[in-house]
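For reference, chains read A, B, C and D in written order, and residue numbers begin at 1 within each chain.
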């Protein structure tokens, strides 16, 4: 029932994503961004989405295109402001998109907590800063911590290097970034990969995301986008 | 300063472990148990130790031998009672060793929290059971959780399959178990490995414990103990 | 999850008009595990369920000491001290396996990623409380292992046990007298005499083996639907 | 950590009797990083410190997007879209590198496993508070990235900045007016005019470049030791 399915198209991969869903989107800038799945999501038409991702889109591709299509109600990210984040910047200044800024490590750890069944955790990051506003503070062993809650996704869209037919995944270099964490934190995890290898084709010692965290896999051709030169 | 050192002997590897230290000891039963480091620790003589490990020793080797030598004040573990845990059983019944039973997943997650700088976390495990006694309960989204605190080690003794000279580690099969978590949770992590490969000899994508978590490495000959047939 | 109550005939179908052997109980459980599920089989008797899972069912076994895709018990040359199940019995690796460390393994469990976990029990309450880690005898050394993590983690927690102790006391009880492993966590109980679904509205008898619901009601002294 | 205050002569030693260029500041910081340290260099100017770290020093660079053992900026053929630093600039991989996911990467940082982190700043208070993520202007889109995690994570947090704003306002201040990134987290501030140690008993001047402690005291309006 829960075993991963290798599907034939990105359209099939994103089928059923409902309006109002929370979608975790992998990638750090362009590295590991699931461009093909995002393009399919734009075609699919789901709207009123909450997007959880490190950035809020670069240039006019990927997340930026999804934002430009008016499908996103809210973005939770650590770093929306980039040299080429003009799509987000304009929408935000026009008050057409909500923003919740979350420190990068908290973004990762809160999704990890969701995937690991942790109810909440005390984290030292952001204590005494504006991002601590409204959060419970607790002193433990003489140090202050903020209470942080899990971030769960209805869906995760991520990009990996290779999959086997079971759904085991390996990534490539720093394109790994949020993928393995998001895969654990979403009810349905959808993965685009450059290659589906035969069963037994991945070293079990080197699998990064075990199959249990993966629901749908689609193979796509590798595309290269211009690497931006600034953060 | 903090870069790992490859040392020549297990005696050198365990040098300096102080009386009263908390020592995290890898292994699940016999798999991944750092037998050579434990033997060296027995020779080294540190006493009044708190040992954190999944089990409390099997047969008369490894942890069981350390216990038999009278060096351990307290054991924190998930499963002390095994068919061949006669050394621990006798010491415990004689009141000569303290026992704190921790659910296996909490043992792992509490050490992970220590390594990850988390102050405490709310965990659903053991709610409503005798192991919840004295723990703070909190209801989050309609479910009860217990507040669990990190378990930190002064030292970790673990076993890995291969290391490179930087201290990057890979493990073998289910002998991986607690090793990667303990490596993050101790002030000083000491590792016995079957092989030290040249720099560049480990695939950076397949490294399980990155070098930053390792302090001392010693190569040992592989030894095989009889695999027990029961839990 | 499978929710049907009609039983297909077949080797796993008892319909023998007698109590099952525990091996037959294992076969019944195996029959009820949906194809493609991710499953953790507890130490002891539940381990034997694996022998009744046909390969084509595509069930993936998780062992909490750090592996998905666990294969059968290892014999002879295949025995590898570095590859054991949670009972520390040497096992094998199937294609598509993956290894991970203990924190990731229990995150997988606690995070609700496994479909089914099957454990043994001293007692199960009609409300789904589980007691399987401690006899409560003061001279017993307590040892919990992963039982409490498994109890609260899997989407469905099944228990496999005999319905009565050797001295004849029911093990499906209104309220556990043994120390608890988890609260309200068990959804189904498989025994040699019957299978029970523990639901919010009470205990439903799913099937019986050589007994009747009326007889069970009388012997157990609990409400049955 | 290096705690000495005497400076070895050498290429990194300014002793020029004039304010340093920011590239010279980078060299001074590189000189102070102990051999074999695990170091995170923040986005922007701190990245240039890497150019002054001789290979034989064995400093291992961490990039919070998931790598230890990061090498220099990639050029030409070596550019790989899957391998960037935290500033999203293409970089290279050194022998002994390791990749990991974001949760592990920030656990490494938050857990205190990195020896030194160097970041830029808008302001640093004499008590070690750091402000480097937000100008506080209401129309500015806030973006924190990993700055708050880095601020509380590394064993030592160094700041690399000019000592005054373009309009001449001090950036080492009794109290930050910009929104904080972290509280009491900075232990050392490197600038073109001086290096400061922020200690519990106050601000100590570690070295000066083309100025004097008296002059700094007067220009900054803070206590200096």
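Points worth noting:
Just so it is clear, contacts are C-beta pairs under 8 Å (C-beta built on N, C-alpha and C of every residue); 3 or more make two chains touch, one makes a residue touch a chain.
Predicted model, so just to flag it, every value in this text is computed and none were measured.
Shared contact partners of chain B and chain C, listed by label: A. Looking at B-D alongside A-D, one finds more C-beta pairs in contact between the chains of A-D. Comparing the CA-atom centres of all chains against that of chain C, the greatest distance is found for D. Here the CA centre of chain B is 35 Å from the CA centre of chain D.
Chain C and chain D, compared by their mean Cα positions, are separated by 55 Å. Each chain gets a centre from the mean of its Cα atoms; for chain A and chain B, those two points are 33 Å apart. If you average the CA atoms of chain A and of chain D, the two centres end up 29 Å from each other. Multi-chain contact residues of chain B (touching two or more other chains): 109, 112, 116-118, 123-124, 171-173, 205, 208. Of all residues in chain C, those touching 2 or more other chains are 93, 99-100, 106-107, 109-110, 152-153, listed in ascending order.
Taken pairwise by the contact criterion, the protein chains fit none of the simple patterns, being neither a path, a ring, a star nor fully connected.
Across the assembly, chains come into contact as A-B, A-C, A-D, B-C, B-D. Touching chain B in their complex are the following residues of chain D: 1, 34-38, 58, 60, 62, 68-69, 93, 95-100, 106-115, 152-153.
Only residues 1-3, 112, 114-118, 164-166, 168, 184, 199-200, 202, 204-205, 207, 210-213 of chain B touch chain D when the two sit together in their complex.
Chain B meets chain A in the complex at residues 109, 113, 116-124, 138, 140-141, 143, 145, 149, 170-173, 203, 205-206, 208. By the touch criterion given at the top, residues 43-44, 63-67, 79-84, 86-90, 93, 99-103, 105-107, 109-110, 129, 134, 139-149, 152-153, 179-183 of chain C touch chain B in their complex. By the touch criterion stated above, chain A contacts chain D in their complex at residues 28-32, 54, 78-82, 88-89, 92-93, 99, 101-109, 111-112, 123-131, 171-181, 208, 224-225, 227-231.
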